[in-house]
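Going in written order, the chains are labelled A, B, C, D, E and F, and every chain counts its residues from 1.
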C-alpha cells in the first residue's frame, strides 16, 4: 500500500506544491478535519491517514472504514505542518470519496439482494480503474461484497474468447483442470447446454453470462440439484435497476457497475492554524 | 505513457495469466475487434492500442479518439498471439470504457454550455482516480474540455485553506506573486469582497466557489468590467443538472463530477482464431 | 518476465562490463552455443534467450524447455555483438543451470511417485530463493510438478501459527470460509483429530504436516472415504530418500527440497568470432 | 538492502496475505522465536530482522551472523502484530536458510583447505541465483570466504571467450592494461604457456581453469617463483570432494558449487499470542 | 526529494561501501562538521541533511540555505554511526558544493542587475544536468533567481523550431492559445517584427533571443508602451561579462550559464570518533 | 544507460510537452542537425542519439565521441516526428554540452601533463553531479582521462576520516588488506611518514593529498625507489593553473575540477519540416 501511496503523491505533487511553498511558511503548523458531506459507508479512511503519515503529519481516525457515517460527521482529524496537510488533502479526499462511493453502493446492493436470498454475495469484477484496483477491491469488501479475482494470476476463469479458441467448453475445461490444485476453475457459459457440460466436466464455478433473471433462476436450481457443491455466478449488464431479480438465481452476482460507473461520496477537509 | 501501461499490466497480470496458459496454446494466433456498445465520444483507443503493442500484438485504430462512435462500430482491430490478446483485453477495455465515459459527458456539458456562451470552457479538477490522472485529463481534452492543473506543481492556486493560514486574500496573493514569472496565479474566493480584493491584488484568475448561478453571473460582469483581462472560474457542486445556469457566469466552469462520478461507456472485444 | 530480466542484468552488469569494453571492439560480432554438460531436463532456456534479446543479440532455441537433453547437446545458439554475448553469458547460464536443476529433480521425484500412484502430484512450496520465485515455480511446472501457491495472495492456507492464534482448527476455518468464493481453503493439521475437524468444517484441502508415511497413508484413506472430493496434501521433511513412501498416501506431496536444496545442472557457453 | 527486502516482500505478499486477513484479527499481537533445526553457521539473521522491521514488527538477534549455532538454539525473537509476523515468516526463513546453508559449506571448505595451507582463500563466483547475489556474497563472507567479483563492473577478468576474440593472452592483456588504475586485471588460462604469458604481460591475477590438482600445484610454485607478487586462483569443477587437493596449489580457490548447488540449513519459526 | 536522494545514494554506494566495512567497526559512533572553504551563498544543506537522515545519522543545520557563509563557517554538524557519516559524506558535499556554486553566482548576477533595474529577475533555463534539475532550480531560487520552467509540461514556450514548423509567429500563437487557461504562453522571437506580432497575437511573455543589449533595450520600451502587461524576457549567450547591459532591457534575463557552466563552491567535512 | 535516459526524459517531459502538442501536428515529420558552436572534444553524442531513438526518432552520428570537432561541424543528424525531435532536443543537447565540456578540459589537461611526463594519467574523482556520474566518468574517459572509482563499492580507498577512526595508517591498512583479493587498496596520506608507512603496510596505491608540487615530486621519487610497483596519486586543489607542476610528481593526478567546475561546450540543434 505504501509504495502506491507514494506513487500517487508523486502524481499529484510532481516537482513541488508551489502554492503552499509560496503562501504558507515552512514552520506553520495546522490542524484539520475530514468531514462527510452525505450519508454513506466510509472507506478509504485508512489510506487517507496513510497519505498524511507519509507526508509527516498525524492523522487520527474518528470513524472506522466499513461503518455508516452521516452528513457532518468528522471521520478523521489531522495535524502537523500546514504544508503537509495541504499537500495531502486532495489525495486523501480522492481515496475516501471514491472508495466510500464504491462501498456505499456495494452495501446497498448487497442488502437489497440479501432480503431475497440471505446467502447471495455481490461481487466485483476486473472492470476497475487502472492502477487503483487494490483499493477498489478493498472498498467492495468494506461494503460487504466479494472482491472476486484481483488479476489474471488469481484463479482460473475461462471466458467466451477462451472457449472459442479452445474449441468448446469441454475441451477448455479439460485443459484447465491441469491447473495447480490450489486454484479454483470457473467458466463462463452462455446457454444451458454449456452450463451442464461445464458442471459435468468438473468446473468449480459456473458463470451464467447475460441470462435474463427468470432463465438464470431456473438454471440455477437445476444445476444445484445435479451438483449441490457447484457455485453459480451470474454476470453481465447487472445494475441497481435489475439486480434484485437475480438475487434468488445465483450464489454470486458480479457487477462491473459498482466500480466502473459509481458516483463518489462527498467529503471535504477544513483546516486552520494550530 | 508506456511506463504506466506496463505498470497497469503488472497490476492485472501479476505472476501470469494462468487461464490462457492452460487453455490456449502458446503458438495460437488470433484476431479481434473492439466494438462500441453505445453511442459515445471515443477516448482511450490510443492507450488500448499501446496495451496490445506492449504485449507483442498488433492493433489498428478504426476510429479516432475524440470522434463520436455509434453502437456496433468497430473502433479497433487487433491481431497476434491469442494469449497476448487475452492478456490485454481487460486493460484495453478499461482504458476505453472509462476514458470514453469521461470524454462523452465532457462533450455533452461543453456543448450545453456553449449554446449559452460560445466562449465558456468546461474544465476538470484534481478529483481524479489516484494513479490514472494523466488519462482522465486526456479524456477531458478529447471531450473538448480544459484539463486544468495536472498537479500541485503546475500553476498557483490559492484555496480557502491557504487563505485562512495566510490571513486573508491580499496577504496570500502578495506572497504568491513571488512565484516564477512563468506561472499564473489563481485564487478561490467565497464572497464578492474577496473577489474584488483578489482582482486588485493582481490575481490572473479568480475562482468563485459555491456561488449560486445568478450571483456568480452578476459578479462575473462586475469583475470583467473592472479588469477585462481577468479570468473568472466558477466551481463547487456543479453537475449536469445545474451547469447550464453557470454558462453565462464565467469563462471557466470546473466540474469534479466529470471525473469522480462518471459512468463508463460500454465496449466489448470479440476474438476468434486467426 | 522482461522487467525481472532487466533487473538481473543490472545486478550483474552494474555500471558496465569493463572487461569487454577494454578487450573486445564494439563492432566485433560473434556467435556461440549453449551446451549441456550432463543429462537433465532443460528449463530456463526461454529466459536465457530473452536475456540475449534484451541485450540486442539473437538467440535460437535448439531444444524445448521441459525436454530431456544429453551431455553435449547444443540447447541454444546465439549471435550478435560479441560484447552483448559476453554480457549475457553468466545470467543466461545462471537461469538455465538453476532452473534445469529444479526441473530435473522434480521430474525424477514425480516419476518415482507416479510408479506407485499415477495420480499423485509433486508440488513446490514457498521455500524459494527471494526474488527468483517466478522462475523456480516455472521450473517445477516444466519438471511436471505443481507450482502450488505463488504467494500469500494466492489461496488461503491456514498453518500451525494461524491455528494457534485463532484458537483451533474449527474457528480458523470458520473465519477462512468468509474468503472470496474464488479461493480454495487449505489447512495444515498435525493429528488425525484435527484432520477430521478440518474435513467437517469444509476445508477444500487438508495438509498432513510431518506425518510418517504409514500414518499418512491410513489417514488419507479414511479422509477420502468420508469426503471423496477432499484434497489431501502431505508435507514436511520430504526428500528424495523418503518421498516414495508418501506416494500412495496423498493427492499432493509438497517438497521444499526441490527449490531450497537443489543442485544446479551443468551447462557452458562457447563463443567465437562471427 | 532495504529496497531489495521490500521487493522480496512484494513477491511473496502480492496484493495481500489473504489468510491472515481472514483468520487473524488486525489488533492481535504475537511473539515468536526463530529456531535452528541443525548445527550450522548462521547467516541472514540481520536480513531476517530487517524483514520484520519493514513490516512494523520488532526483531531481536540472539545469535550473531557468522557464528555457529546448534540444533534448538533460538537465533532471533520477534514480536508485534500477529499479521506482520505471519507475513514476514517465510521470507525471513528463506533468507536464513539459504544464507546459512552457504555460510556453513563455505566455512567447512575454508577450514578444510586451511589445514593444508593457512593462507589460502575459498572464493565465490558469479554463479549465484539471479536477484539474490548481494546476499549470497554476504553469506560467503560470513562463512569466511572471499566474495570475489560482485559483477562485471567490479574488476577486469579476461575469460576464455574474451581471449579467443582478442586473439590471444598477450593481446587481451595489452588491451586490458588500459583499464582504470583502480582495477586489478585477472586472466583465465588453460595451459602453462598461457599462464607464463599472462605473468609476463603483467596480469595481477592468473586463474588456472580446470587444471588437475597436481598440475596446478606445480604451476603455482613455478609462477610464484618467477613473480612472487602474482596472485594465483584455481577454478573449474571444484567440489567438496576434490577441493583439498587444490589447497596447496593456489592463493585462491573459487567454487561455484557453494552458491549454485548448496543445501539450505533448516530453521523454523514458532509463534504464539502475546 | 527522498526518492531522488535514495537513488543518488545507490549511485554512489552500489553494493556497499567496502572501505568502511573493512576499516570501521559497525558499532563505531562518530561526529563531524561540514565547513565552508570559501565565502558563498549556501544551498543544498537541507538536502545534505536529508542524505544523513536517510542513512540513519543525525544532521543539524547551523546555517540556513540562502544565507551567506564565510570561509571556515560550520554549516552543519552530523553525528551517528561512523559508517553512515562516511557513506553520506561525498553525496552531501556534492549537493552543497554544486548548489552553493549555483546560488552564489545567481545572487551575484541578480544583485548586479538590480543595481540597474530593481525589478528585473535573473532566471534559469532547462540547461541543467540531467537528473539533477530539481535541485539546480532550487539553488537558483535560493540565490534569488527565478527557476523558470521545470520541464516541458510546465508552461507553453514556443521556440524557433516550433515557429518554423508552424509557419510563423502568428500561426504558432493561434494554436498555442488553445492551451489550458491555467498556462501562460511565451514565445521566442528573433526580430522586432516578430516581437510585435507576438504581442498582438496575445502572448503573455515575449522572449527576445540573442538581441544585443541596446537593441533589446529599445524594443523592450516599445513593447511595454504598447502593452504594459506584457512580460519581456531576454535570452541567449548571456554571461557575467555582458549581463549588466541587459538589466534595463527586460523584465527577465534568463542565463543558461548559471547551471551549465558554474564553478562549485568549496566545502569539506571533518570527522572524529564520538 | 537506457533506463537513465528514460528517467531523464521523464524529468524534462513530465506529463507531456504541452507546447508541441498544441503547436505541432502529431503527423508532422521533421529533420534536424546538431551543430558545434565551438571547437571541442565531442562527447555525449552516443547518448544524445539514444535519446532520440527512445522517442521514436532516428539519429545518425556524423562525428565520433572522443574526436575533435570545430565550430560549425554537424555532429549528428536527426529525423522523425517533429514532436519527438522537439521533446528530445534539450536533453540531447544537455548530454552533449556537459559531456563535451568535461572531455575537452580533460583532454587539455592530459596533454599538458603528458608533455612533461608521457606516462602520467589525469583522473576524475567522485565529485560529480548526483545522478549523472556514469556519464561524467564516460566523458573523462573519452577525453583521455582515467575515470577512477565509480562508487564506494569499487575499490578500497582509505581517506583521512577512515584513518582517524581506525587510529592510524598502519591499522587502517591492516584491516583493509582483508578485502577481497579482487580489489586494490589505496590510501590517502598527508605527510611523508604516513606515505612510507602505507608503502610498507602493503598499499597498492598511495594518494598524496594536498602536497605542494615540489614536495610531491621528491616524495614520489623516494617511494618509487623503495617499491617500484607502487602507484602514486596526487590530489587536492588541483586546477588547470597548477596541474603542470604535478605532472612529474605522480602516476595519477586526480582533479575534481574537471567534473565539478567545468564549463559546458556550446552546441545547438536546428530543425525544419521534412
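Here is the rule we use: a residue touches a chain if its C-beta (ideal position, glycine included) is under 8 Å from a C-beta of that chain, and two chains touch if they have at least 3 such contacts.
All values reported here derive from a predicted model rather than from experimental measurement.
Visitor: Find the chain most remote from subunit B, comparing centres computed as mean CA coordinates.
Guide: Relative to subunit B, the chain whose C-alpha centre sits farthest away is D.
Visitor: Most remote chain relative to subunit F, going by C-alpha centroids?
Guide: A
Visitor: In whole angstrom, what separates the CA-based centres of subunit A and subunit F?
Guide: Taking the average C-alpha coordinate of subunit A and of subunit F, the gap between them is 52 Å.
Visitor: Please work out the Cα centroid separation of subunit B and subunit C, and write it as a whole number of Å.
Guide: Going by mean C-alpha positions, subunit B sits 45 Å from subunit C.
Visitor: Multi-chain contacts in subunit F: which residues touch at least two other chains?
Guide: Subunit F, residues with two or more chain partners: 14-15, 134, 150-151, 153-155, 180, 183.
Visitor: Within the complex, which stretch of subunit D touches subunit C?
Guide: 4, 7-8, 11-20, 22-24, 28, 30, 32, 82, 85-87, 89-91, 93-95, 97-98, 101, 126-135, 150-159, 161-162, 164-166, 172, 175-176, 178-180, 183, 260-264, 269-273
Visitor: Please output the residues of subunit B touching subunit C within their complex, sorted ascending.
Guide: The contact residues of subunit B facing subunit C are 6, 10, 15-16.
Visitor: Spell out the residues on subunit B that touch subunit F in their complex, using ranges where they run on.
Guide: Against subunit F, the touching part of subunit B is residues 3, 134, 137, 150-151.
Visitor: Could you list, by residue number, the parts of subunit D that touch subunit F in their complex?
Guide: 121, 123, 146-150, 153-155, 180-184, 186, 205, 229, 231, 233, 251-252
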